Amino acid sequence: MTIEVKNISKSYGASPVLRNIDLKINSGELVSLLGPSGSGKTTLLRIIAGIEEADRGSGAVVFDGEDVSDVDLGRRGIGFVFQSYALFKHLSVFENIAFGLRAKPRRNRPTEAQIKEKVQSLLELIQLSSFAQRYPSQLSGGQRQRVALARALAVEPRVLLLDEPFGALDATVRRELRSWLRHLHDTIHVTTIFVTHDQEEALEVSDRVAVMGNGRIEQFASPQEVYENPANEFVFKFLGNYNVFHGRSGAGALVRPHDIAIFRTSDGDRPDAAQTAVVAHIGFGGPVVKIELESDDKNRVDVELTAQAYHDLKLQRGEKVWFAARRAHSDFPPEYAI
Amino acid sequence: MAGAITARAPISIGSKRAVATESVLARRVLITITVVFLTIFVLVPLINVFNQAFSKGFEGYWSVFFPPQPPDDATLTFSQKRRLAEGAAQAARTWSSIGLTVAVAAVVLPLNIIFGLAAAWATTKFNFRGRALLTALIDLPFSVSPVVAGLVFVLLLGRNGILGPWATQLVWPDPFSLHWVGFENGVWPLAFGRTHTGVIFTPLAIVLATIFVTFPFVARSLTPLMENQGTDEELAALSLGASGWRTFFKITLPNVKWALLYGVILCLARAFGEFGAVSVVSGHIDVNDTMPLRIEKLWNEYNNQAAFTVASVLAFVAVITLVAKSVVEWKAARDAERTN
Amino acid sequence: MLKRKFLTLGATLGLVSLLGAGSTAAAADVRLLNVSYDPTRELYTQYNELFAAKYKKDTGNILTLEQSHGGSGKQARSVIDGLNADVVTLALGWDITAIERAGLINPGWEKKLPNNASPYTSTIAFLVRKGNPKGIKDWKDLWKPGVQVITANPKTSGGARWVYLALWGALANAKTHDFSTAQGQAEATAASAAAKDFPVYQNAEVQAQIADLFNNHVPVLDAGARGSTVSFAQKQLGDVLLNWENELWLARDEFGPEKFDIVYPSTSILTEPPVAVVDKVVDQRGTRAVAEAYLKGLYSPEAQDLAGQLHYRPRNLDALKKYSAELPNIPFFTIDETFGGWVKAQTTFFADGGTFDQIYKPAK
């Protein structure tokens, strides 16, 4: 199902949260809304779901060409997964998943046997078949998240909306669930929008990423596009760590830590622009090694090297080295400087 | 730079008992003060109530509710007959007061549950202008003297009150006088045996006054819990296509059931025990006596033993309330623990 | 679907109430509410039984009599506020006048029944501890050093107003009559009708004496007559209780004759608790006939005997004689002859800013 958001605005009192949002999502796409807190991403998701209403007369939410702005939350055919999971504490896992089926109007309510079958298959999908009779409190965070997802999927929604689905989980589980979600989406192909503040998550999982800041969509493109060709300084800064180098003109150049090369003093092939610095700190991070340099003008420069490159350089703390930017971003329109 | 991961710690409802680290002396002093205080102000009066109630033995206690019946063939003097008749009349009044107390509670309770749920829902799950004012208003009966509350109803509904002209003419059937009359008068076989005119100084006024003094209890015991739980579960149910009613009965209500029951218990205890507000609007008519009013009348008639006997019933209700309250608190704490 | 169910429910309820109301009108169950003051509870409990039985015999219908008892002034206030009393039987005429002024009782109520519409009388006497240790025999003994007097607050209690008038009249040597004879009663009635000016109000000496009594001999003023009895009898406060005669007898009966003695002063006031039909209520409820019969019945020989039995003074001289051992005859003065009636007494003595407010300065 395609989802179109047309010129949606929302404000709480005098403070605007969303400003004239336009967004078009293709059928079967997995899209993430990525942004810092306060960027309006969750509000946009809730407006698409029908939990919140856009400002009066501001625009429309359109599902498959049909304006659903005035359609109730329960009739939009969405599956919503809350950041808090919002599992029904007093119901078993089975009953949680079956809730939407039992709530259907009598004439299209499935029989008890059909419900059982459907719930069983969903339990298999989320790999919790033996947990049917447990209560939410007896599950781990990741398991709860999967139950919440299964519950939303049970009513066969036309669109799946996830609000910070992995926000409350620890790093390992997050990574696991992330790829699980990707595979799940590949299997069921339901149009999915999920909200996250985690760039890595958004870039890894999504077909397209909508980077949001200050109530606007700053860029809506594939992960590779937004990372490599950020539309503006905000997107660049939000998508990863960076160093700022001030040239003589006063304008700053922005450089990703992995776009900086380090040279030993003895190296002859270093570029002319290279500067000298001292190795202040070395942080091992598995495949990536984070080096902190202190430049001659007492600025801190973050550098990321592959483990291989680090090995080859044999850096020591306190050692004097040269560094230079391989790639810099300096051509953003000035109004986005923050 | 990179957005921080907001780690959400689970909110702890059931607090673990703090391990006291104060000195032994401080602990002993505090415990002694508490025990002495409770003994003087709670235990001794309570024991005294039962002591006075049984001052004429178990038979005396029993006869307050079930006056002695002489055998049919007994020859009694005039004054003996008088005493028996008086005893029977007193017992009948006592039973009438028990009946009215229970009836008022039975009417007030469901209304308070509905109001309490609505008020707690409105003030915790919606954000609107004047919400703080509404929350403060719900607490009003806690800070207003019950006597003043009763007088407000008199001033409002009395003959010279703002609603007086309407209220004093209002005729309403006594629901407890509904009885079977057969089909002779028409198709409907039931009829009311009596009607009341007016609101103030009738059982209706007692219901109103009791509602006034009890309505914060349910709302107040629900509010903190509902605030804590937020609206996510309800929204989840709605998003799954459940109707408002289904969401309420299947999700909201089970989530707050212990808090609701707690409020109900407090509300019942107050409804049974309220004196001030009810006294003002009862008009001192015997048929409008609730148990506390009956106790006062017995006391004023120098009938101390009977007064304490009825009081002991209220004290007994209070003890049951206390036990029920503790059970509910324990269950609620257990549930809260299970949730986390 | 749900909406339709609600509609059906509503219609059913409407039908129930309609039919219910219809058949209520046919029911012959009559109810009468008598709003009275505190001490009369037993009197009216027994009289109600008597009257209901008579009503059943005469008409075949069931009469349910409801009672309400409380402080006389408070009761009058409740009736004004909407308590649907068919009849009021209060402690003093002023309270009925208050209801009259609120437009609920027609003027002239005191003439509708014999004897100023008070079917029984009482008086103010003393209750002392057994053996009368302080030797209190007459009004003047109340001023003896160290004597503590218990009475209620005249501002709030009807009985206490009678106490206050009894004190004032006795000190001022008010003209008395012998109410145990028809001739004495007739003289009193004539004297009341003829009374024009009331010199007692100007008696500064009496006022000073009463001020001294309330300020130096009265340790506590209870709000009601019953409360003052409790203070004296149960809390053991004071040496002498000034109260209704019937209230003294009740206390003596309840706590035992071995604890208290009743002392009659040389003269006292004839207290006349009046009764009246509340015209507005009985006309609205259609209970005028039965309400009037109820009050008239209070003058019947049976009711008069009952009053005597319960230590009220019957108007009926035969009944009065029958109980003369417990209700000894002493000379009485009346409020009408001595003070010019309740309206005058109330406004002069007990209204806000009246004499009582001026003299009573409770010790801090």
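Each chain gets a letter, A, B and C, in the order it is written, and its residues are counted from 1.
The definition used in the following text is that contacts are C-beta pairs under 8 Å (C-beta built on N, C-alpha and C of every residue); 3 or more make two chains touch, one makes a residue touch a chain.
The shown structure was predicted, so the numbers you read here are calculated from the model rather than taken from an experiment.
Engineer: For which chain is the distance between its Cα centroid and the global protein Cα centroid smallest?
Structural biologist: B
Engineer: Report the chain whose CA-based centre is farthest from the CA-based centre of subunit C.
Structural biologist: Centroid comparison gives A as the farthest chain from subunit C.
Engineer: How far is the middle of subunit A from the middle of subunit B, if each middle is the mean of its Cα atoms, in Å?
Structural biologist: Computed value for the inter-centroid distance: 53 Å.
Engineer: Taking each chain's centre as the mean position of its Cα atoms, how many Å separate subunit A from subunit C?
Structural biologist: 86
Engineer: State, to the nearest whole Å, the distance from the C-alpha centre of subunit B to the C-alpha centre of subunit C.
Structural biologist: A distance of 36 Å separates the two centres.
Engineer: Which of the residues in subunit C end up touching subunit B in this complex?
Structural biologist: That would be residues 15-17, 19-24, 26-27, 29, 31, 33, 35, 38, 41, 45, 49, 66-70, 75, 78, 80-84, 102, 226, 250-251, 254-255, 284-285 of subunit C.
Engineer: Tell me, which parts of subunit B touch subunit C in their complex?
Structural biologist: 85-86, 89, 154, 157-161, 164, 167-168, 171, 173, 178, 181, 185-186, 188, 190-195, 197-201, 283-287, 297, 300-302
Engineer: How about subunit A: which of its residues touch subunit B in the complex?
Structural biologist: 36-37, 49-51, 72-75, 78-80, 82, 84, 86-90, 99-100, 103-104, 135-137, 151-152, 154-155, 167-168, 197-199, 237-238, 240-242
Engineer: Once bound in the complex, which stretches of subunit B touch subunit A?
Structural biologist: My answer: residues 1-3, 5-8, 230, 232-233, 235-243, 246, 250-251, 254-255, 338-340.
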